[in-house]
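Multiple structures follow.
One chain, subunit A, links the two complexes that follow: it is found with subunit B in the first and with subunit C in the second.
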Partner chain A sequence: MRMSKIVRTGANLLYPFILIFGLYVIMHGHLTPGGGFQGGAVVATAAALVIVAYSYDEVAGMLKKTAMKARESIGLLLFIGAGIAALVVGAPFFYNFLANSGLLFGMPVIPGPNPGDLNTAGVIPIMNIAVGIEVWGGLAIILLYMLSGIRKEES
Partner chain B sequence: MIDMVIHTLVIAGLIASALMVFYFRDLLAAALAAGFFSFLISLEFYILQAPDVAISQAAIGAGLTTAIFIIAIRATTRYEGGQP
Partner chain C sequence: MIPQFIVENSPALMVIVPLVAAFITPFIGRISSGIRSIWVGGAMAVTSAITLILAFDVYSAGTRLYVFGARAASAAIPPDSGGIPIRIIFEVDPMSALMLVITAISGFAIILYSLSSERSHTGLESYYTLFLLMITGILGMVSTGDIFNFFVFLEILSLASAGLIAYRIDGGVAVEAALKYFVLSTIGALAILVAIGIYYGEYNALNMAMIASRMQFSLLDQVALVLIIAALAMKCGAVPMHFWTPDAYSMAPSSITALLVVASQASLYGLFRIVFSLYSVTLNAVMVGWLIIILGVLSMVVGVTMAIPQKNVKRLMAYHAVSQTGYMLLGVGVGLAVLGNQPLLDAFGYLAMEGGIFHIINHAMYKGLLFLTAGAIFLRVGTYNLNKMGGLGHSMKWTMVFFIIGALAIAGIPPFNGFASKLMIYESVFMFNPVLAVIAMVVSILTLASFVKVFHSIFMGPKLPEFADVKEAPLAMLLGMGILALVVVLFGLFPGIVVENLITPAAHALVDQGAYISTVLGGA
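Showing the complex of A and B:
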């Protein structure tokens, strides 16, 4: 079953917008609803759109399996690295040592109602980014392996 | 009042799309109806003020599950009850 030109054009058109929205949900995980898992699932939906619209040989040129595996591993390493880094500083495991420190994501939170400052919350945005990258790679690799199972039958 | 009307419409749409999944013989249409069911569930979560769950449900239920169903249909036959 080959998808029509309408589906392919729609997938090409929507892919960057879904990608940007998913990355926005990941990046603003500590300010707005959503977070690492939700944003990663939205980004993986963009990959799923391309995977559904094209055949395996065409998808293999766009989304590399090794790149998705690397994303999964890098996300997990970044997450556990953020936990270990707190031990290196001398605090308990997963301690939020970056909050209110003035470094990366280290600004103090403004009291009262405000639109929200992206540069707050310490380690939490870093963990959101890690989980987002990991979920992106993990869910995309599931779909890529499912699609590679029907490579022979599809002519 | 307007709240009750929206809830009733969403639940009626849920039941209608669930019946569509049951009655369609075209499996691609049935998969898309299941995706629409998932989308309505996520709308209901949003109305019940759980936007976090709504984003998860829209991405996983309406997006990825439908994609997996469509990939499975591409690997097998499109119509139910036919010859293998």
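Showing the complex of A and C:
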């Protein structure tokens, strides 16, 4: 079942903005409210929007369950991988070895009020990104399975 | 011999390995199912090995502390935290190490069994992923020193278990059992979360040692204690919160049922850990001790009386699992009831606790073994109904031998391990209160009667025509059962060595709250 043209056009317009906002929340998890889970959930609502606006069959071709499952696994592996990397450098599991190292996300945090430097906090942003990918995949799968019932009811 | 790196990081590695393996399994499964079998079998073998290394290290070198995310694994209190250990901490003392040993042995035996028993089923990548997540959950639960972390691992375990109980849909009956388990687990987890919130609001800490050191046993703490005891007693299947166990245990695949037994022991561990390490002498030991004793006696009696009329062999075994859990609650409850009274504790308290704790490991072994034999019979015969079986002793000789070992062990017949632990419970409980000991013995006799019936209806009698072409279970399944049977026999033949090396340190670690606290907080 497709919704009216107004709804579909609205969904088309909103879709990229929802994605960008979700990715923004994931990316700035260590600076602003939100983080991996919240951002991932926002991104997954984009999937919910298009499934509701268009029919399940049309969207199922675009959002594949296998791709979402892969996202779920990759996100988790990236998260654990960030923890294991600490073991490789000789510290305990989950040690934040990137913080203040000058490498990726490795700038020291400036004390006091400041606009916020994205390039800080070490492995925390990496874990936020991992959680974001994982929640995106996981919630999208849940939505795909639950909303696939809409089609069955129609026929 | 063993690299220092592995020994040092074993608390983290034993959780990392199954976790990583679980999420790589779906990718490996796309290559071929044979490689996936090797992968999950290998991952579980490595996990068991690391776990045993850690347990050995704890038994020989004392309690291990592992602080996640710190610069050094022993730095429990960060310099700028105001003396509160804010990081996630794994504190593995001998009691935890005992649970690790149980999980390592059972997990390895069960995965061997699963590789063969589940081969012809679909959806195996989810099966193995969830299986490894269950292992992760159990290992995390029994080693964590952070109460919120405990909740997280409990949830991992519950979610993975619910998925696996529903794994064989079976006309929706298994899904119903899984839903029941899932709803109850969620309510239980919620109760635990509320209790954790109470601790956090009251003591500004989530670390168990920190909470223990600040414990005042105020009214709020009593509310939290009730919530936690109710939730964890439900998770370990104690009467009157046992009603999910027969459904869940009988509908899950047999390999998963065996693992669910280990999972319920982990909940039992959580219960003992909270009562002894968090509250210890601050609580009203006599009252809470008697509460646990009553839970235990109820479980023993109701479990065994419900088991006797059952026709479904797995439902019957599930009720026996409830009944056996009662023994552990009884033994440890008696220990708790005399906590703080040193002469009585020395006279029989420690012995009762050792009996209860010894029964945990024994129960995990023989009950796992019994469920695995039930699964092997189901694989060949296709039914759990006792009235439809018969004469299988002619064709499934090894399965019969393993069943006999398990059945005699659960009934407490020497020389099997159930006898060793039950004797300790009888002796010590008799000194505490003779009536309880008599009840425990009667329950044992009823257990024996029940298993004689099961044995007779499954294995004895002439060979039935409909089972003429029944074969012995596959080799891998026999190997899995064999490992557990070997442990049952060895523990029964040499109980003294086991009690001295594994059980006594565990019981003392549970009682010695001061040591638990000072491991994290230093000499305070």
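Heads up, the rule we're going with is that the second predicted complex is superposed on the first by the 147 of 155 C-alpha atoms of A that agree within 3 Å, B and C clash if a C-alpha of one lies under 4 Å from a C-alpha of the other, contacts with A are read in each partner's own complex, and residues count from 1 in each chain.
Convention: a contact is a pair of C-beta atoms (placed from the backbone, for glycine too) under 8 Å apart; a residue touches a chain by one contact, two chains touch by 3 or more.
In this text the structure is predicted, and so the values were computed from the model without any measurement.
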item: Partner chain in contact with A:F93 - subunit B first, subunit C second, else both or neither; value: second
item: Greater residue coverage of subunit A in the superposed arrangement, subunit B or subunit C; value: B
item: Partner chain(s) touched by A:A130 [first = subunit B, second = subunit C, both, neither]; value: neither
item: Partner chain(s) touched by A:I51 [first = subunit B, second = subunit C, both, neither]; value: first
item: Subunit B versus subunit C as contact partner of A:V42, first or second or both or neither; value: first
item: Sites on subunit A touched by subunit B in the complex; value: 1, 25, 33-35, 37-38, 41-42, 44-45, 48-49, 51-52, 139, 142-143, 146-147, 149-150, 153-154
item: Parts of subunit A lying in touch with subunit C, wherever the complex brings them together; value: 69, 73, 76-77, 80, 83-84, 86-87, 91-96
item: Subunit A partner contacts - residues on subunit C that touch it in the complex; value: 9, 12, 16, 19-20, 23-24, 26-27, 66-73, 88
item: In the complex with subunit A, residue positions of subunit B that touch it; value: 51-52, 55-56, 59-60, 63-64, 67-68, 70-75, 78
